[in-house]
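In what follows, structures are represented as structure tokens.
There are two complexes below, and they share subunit A, which is joined by subunit B in the first and by subunit C in the second.
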Partner chain A sequence: MTAASTPRPGKVAARRVGARQEALAGYALVAVPMLLFLVLNIGSILYAAFISVWRWNIRTGPQQFLGLDNYVKALNDPIFQSAVTNTVYYTVIWVPLTMALGLFLAVIVNQKIRGKTFFRGAFYFPSIASSAAISTIWIFILNPFGLFNEVRGALGLNPLFSLLGYDANQDWLGDYHTAMNGVIILNAWTTSGTFMIFYLASLQAIPHEVYEAAAIDGAGAWDTFRRVTFPLLRPGHFFVATVGIIGGLQLFDQAVQIGNVDGAPANSLMTLVLYLYNAAFKRVQYGYAAAIGVVLFVIIFSATLIQRRIFEGREPTTA
Partner chain B sequence: MRYRFLTLSFAVMFLAAACGGGTSSGAPSTGGTGSNAPAGSESAFDPASISGSVTLGQWASSPQEVQALTGAVAGFSAAYPNIKVTQTTITGDYRAAMVTKFGASDPPDLFYINAEYAPEWMSQGYLLSLDDYIDRQGFDISKFFPDYLSIFQQDGTTYGLPKDGNTIAMAVNTDLVPTPPTTMDELVQVATSLKGKPGLKAPMCLNPSLDRGLAFVYAQGGSLLTDDGSASAIDSAASKTAVQWYMDLFKNGLGQTNTQLGDGWCGEALGKGDVAIAFEGGWLKGAMDAFPKIKWQFAEMPTGTSGKKVTINYTAAYGIGNDSKNKDQAWVLMQYLTGPEGMAKWTSGGIAVPSRSDVAVPTGFEIIVKGADYAKPGSGFMPGYPDVLKAFGDAFLKQVTDKKYDAGPVVDATKAAITSALAAQ
Partner chain C sequence: MHNSPQMPAQRDETAAPETTGSSMSSRAVVAAGGGDAGLAAALPATRVQPSVTVVGDTSHVWRRRLAYFFLIGYALLMFVPFAWTVITSFKTLEDSVRLTLIPQPVTTAAWDYALFQLHPNVAQMFFNSFIVAIAVTLTNVVLGSFAGYAFARLRFPGRNLLFLLVLATLMIPDQLRMLPIYIITNALGLGKGPLQLASIVLVLAISATSVFLLRQYFLTIPKDLEEAARIDGAGHFTTFLRVMLPLASPAIAAVTILQFQGTWNGFFWPFVLIRDQNLWTLPLGLTEFRLVGGFGTNWPPLMATVVLATVPILILYLFFQRYFVEGIAASGVKG
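The block that comes next holds the complex of A and B.
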């Protein structure tokens, strides 16, 4: 990939003449999306930060300057605290789980097996189905009298579950102890297809020669995966983890569909974005909602920076 | 190039700051009211003299609702041919969609306001005071049930007129409960006798929150607020006893939540025969059409230790935005739809029950309308009530889920929420 763009010595002088024009054209083309980005993204972020230091009426604007009061209020607000805890818990469990699942599926469909196109399609399907439809099906499956409880009863697994404290008609999504895990499993299932596609692209970028060399050295399948495939997938890991963490910290729709806007049952599905929505549209406290938005921005931004630092140090290529 | 980008980004920052500054300099510090009163406010207002157009914003809980409202609007168009009505159904989260419209200074001319968020909308200055129109036209508001109207009034000003109402009643499966209980003691007896009945998942479907629990708190002489509304009363002896009584229904296996029963709501639980008793409003009637096998009837809420009949009501109103474009036309439509003729047309659609005492009761809703005489508001009666509702519901559900059944933490959490809601006023 890098070989194609290396300039040959004889062409350098000719290139220098056109380079300026080319650069100008490039910047001109970039300017339009850049302007939109600055106004719509950076502008909104700055405006939100401005709103967050006021008591703000959406119809008439600022009412009272509060300084950092909205932030202090957030830090002392028990529902905000549980929103942070829930969101972080979700992300910490869901991202590695979905990455593992996505990688596993990608390795399977990357084999030379019959019908691999079918499997790729089948594994990817939950990702393109509407989240509302999938969530509704999930609610039916985990209903106290639903498929999951019926099947485990029929398989005679109930004694095992009762050891863990769950009775035969456990209300998985209505019990505040288990609802979030229900959402994690649902989203791990539906998103693993997307992660599979990302990993598949990375897997196919690994040159064949490496595998041949490993085979000549006598590496078995597991050793090849652990010592060759897995480390060479580092750019893939970085990309998938970044996308996953950003998405995980913004959990909203499944939480609303399975619980409700209040983060039911008992705040166990209250996420940061959902709480922001509550502050803005339910309590009409726009300054407070903006402060929550800024906090969410800081959390996502720092998570991404930390992650970048972790992966950057040992990255084999800049791709 | 780098400098150019820096300049550009600074320009954007200034732009953002300027926008903010501009808004702040021109904005009044509180939601204005009187300033938007129509010109010539002393003169009498004759609805028949008004012409033009008006937009009507509504939610649509069902196709029947749209049909019923279209019927009422047709009646208006016949009575006021000079005003053209455009109905717009707001889909999705009505409250959120409307709040963004208020923010954009572009609300529909006339729109629904649910009791739940009426206090916030009034104090945020979204709504136009109706006092001027009411006075100038001499519109009689005394026929509205007072506990419906009071929700849309703040500091003596009326911001909305109730378009309809509903009260919570007891719905019983008549095969299993031929004689509905009239007191709460009888209710417990009947439920106990139904316990373990084959085919029945539980005797009652119970809502683990104040949405129904409040009726039982009132029935036992308890309350959320002191009489003057200035302090919490959920920690009074009567309230605590009432919350524990409601909790004990779960503890003794007399009731379960709709999710424990595996149903979407308690009406579905009654319709599917999972329970024999549920507590719902007039909306249950239409929903039960889907379950023709179940024989059922409404009965008045059983009386508690207070000995008085009591239940809770839910209502919604029509309101006009401070920024609505066609205020006069909106008022004309509002006084028709909330007047005797328009409300009779609307409530004949079988969706809702009249909020006025001078409109005939649609068949099958007698118990629901009877309740309006003695019902107390089930929402919208205090600022920040959604937070109180949530605090009670979350704490209550935790007690039920963990099988602890202790009213103490529920009362404490609710009291804390009431105190902070009243302090935020």
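The block that comes next holds the complex of A and C.
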């Protein structure tokens, strides 16, 4: 090691050759991955942006230049509007709900308790099962004659539910009014474990001395959480919220698995991505579909920026 | 070392905040630990620790009970749907909508149906899922460690810009790529026959998460090992293959688990890119059977299929839980 780093006369040329070899090795190793990234990722969005300003023939490609017409068309399309409304509604409810659950679980699991690993493992498991499996299970449980309705009947909760306007065999995922809320609860159930893992990582990043100081000041458990832990988790909140919002705005799997490509019942599960899918593959309007994709990208991108502004530009520790 | 005498003091403080006496004494311990952090100060403090923990146990019983109450409650909430799925798979259709814990009668008819009577059959879907998941995992490990190593250890012009581009792809939603990828893979002739599976592999061949995870790991490996190999006359590729790659096995394991699980469960790309029934992966088949395959409410075989699709992941999870958690916590972004 010392021999290599000792400067020797006449070695400069050799070192230059070494640097060139190193650079060549570097390019050789990144060539294939970078080609894939550039074509399939960066190339894809540029291509989508290009398609979005054309009337596009599926065989021959660009047919007629439309400028921003596809975008204008989207903004005036009632189904697009309801897709935006549904997607935003889902995100606005689902993200805070799942964050609260995840934080709650993380704080409990982070304590000195027996079976910590077991509980952490159990809470995380739904996150790693496939969305198709989870959706199928919940469609079964929430069907009019499913476990949920049976159990609330057996527990004598039906009078309460009928006060809220639901009869004994309410079809939770098949009814226009409740389908989206069903998906929200389903996905909160699935994802709370993931958010717990994120929060655990940021909880463990809080230095011990902080709690010691709080304890010396005589702060109780709740005060410590409210005034010390919660504010110090800010990078964690930012990270989890960003991941959540990006994921929420892309809701697709569960919407299709439950309501098929039409976003049934009555467009209540029509999300932005699902509408993009419909425009592309059902109505075969590529230009229009691409425009919807670009709008989605802009929405996600600005949501992330706003998020960053709210959390005062503090960098997430986990990424 | 400076911290160790303070730790028990802190525990003592949180253990009994109600009594001012103990808080006074703990403050004294902190002062002693902070002022004179000799070995003598550390020793009595560590000896105090066990008894203090016992005090903590008794005064916080209610909080613990509450914690266990929520933990067990939530664990049940996680467990019951899966248990109900397994139970239902052994029921008859009439029995499947009844609230019976033990199937009456217990039957394997649903399993028979799910295993032998589906079109395409489950074995075919298993095979499709498996091929795609293995291929995607392999490409991610190979290409990810190539790029990860280069970005971590080799100097070449444009390195930072290229790495920034890789990270930027994390901002691109898969769904936005749906249409362009569909057009591109068709143009490449990947839209027909078994090549549809290849198109999925192509799209998922490398993820920024894999590159990122491996790069971060390579950065932590001490440079001495590499330099020693270099002095022995090894070239960059030999050093990478013989020295660095074996050292990166924990990161490779995390990428393997993350990619296999993600691809095995993947719904979006198969849904967009696969048109032939006999190429369906398990999640796609599960969804299509219910939506268009005519067994929309034939719950028992549907639940048996859910079990079949979930068990491989459950087994992986039981053995490699650590890597699942590490992968997701380190990346935070689904690959």
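Going forward, the second predicted complex is superposed on the first by the 272 of 319 C-alpha atoms of A that agree within 3 Å, B and C clash if a C-alpha of one lies under 4 Å from a C-alpha of the other, contacts with A are read in each partner's own complex, and residues count from 1 in each chain.
To be clear about the criterion, a residue touches a chain if its C-beta (ideal position, glycine included) is under 8 Å from a C-beta of that chain, and two chains touch if they have at least 3 such contacts.
Treat the numbers as computed from the prediction; the structure is a model and nothing was measured.
Contacts of A:38 after superposition: both subunit B and subunit C are touched.
By the touch criterion defined above, A:168 reaches neither subunit B nor subunit C. Looking at the shared chain after the overlay, A:143 reaches both subunit B and subunit C. Judged by the touch definition given at the top, the superposed model places A:27 against both subunit B and subunit C.
Legend: residue contacts after superposition of the two complexes on their common chain; A:262 is shown touching subunit B, with no touch to subunit C. By the touch criterion defined above, A:282 reaches subunit B but does not reach subunit C. Legend: residue contacts after superposition of the two complexes on their common chain; A:72 is shown touching neither subunit B nor subunit C. When the shared chain is aligned, subunit B and subunit C each come close enough to touch A:47.
In the superposition on chain A, A:157 makes contact with neither subunit B nor subunit C.
Put subunit B and subunit C next to each other and count what each touches on subunit A; the higher total goes to C.
Residues 27, 34, 38-39, 42-43, 47, 51, 143, 145-146, 277, 280-281 of subunit A touch subunit B in one complex and subunit C in the other.
Residues 1, 5, 8-9, 12-13, 15-17, 19-20, 23-24, 26-32, 93, 95-96, 99-100, 102-103, 105, 117, 120-121, 124-126, 257, 259-262, 322-323, 384, 386-387, 390, 393-395, 397-398, 401 of subunit B are the ones touching subunit A in the complex. Residues 3, 6-7, 9-10, 13-14, 17, 23, 26-27, 30, 63-64, 67-68, 70-71, 74-75, 77-79, 81-82, 84-85, 88, 97-99, 143-144, 146-147, 149-151, 154-157, 159, 162, 165-166, 168-169, 171-184, 202-203, 205-206, 208, 211, 224, 227-228, 230-231, 235-237, 240, 261, 264-268, 271-272, 282-284, 286-287, 290-291, 297, 299, 302-303, 305-306, 309-310, 313-314, 317, 321, 324-325, 328-334 of subunit C touch subunit A in their complex.
By the touch criterion stated above, subunit A contacts subunit C in their complex at residues 1, 3-4, 19, 21-27, 29-30, 32-34, 36-45, 47-48, 51, 104-105, 108-109, 111, 113, 115, 117, 119-133, 135-141, 143, 145-147, 150-151, 154, 189, 193-194, 197-198, 200-201, 208, 211-212, 215-216, 218, 220-221, 239, 243, 246-247, 249-250, 252-253, 256-257, 260, 273, 276-277, 280-281, 286, 289-290, 293-294, 296-297, 300-301, 304, 316, 318-319. The touching residues of subunit A, when paired with subunit B in their complex, are 27, 34-35, 38-39, 42-43, 46-47, 50-51, 57-64, 143-146, 169, 171, 173-177, 261-262, 264-267, 277, 280-284.
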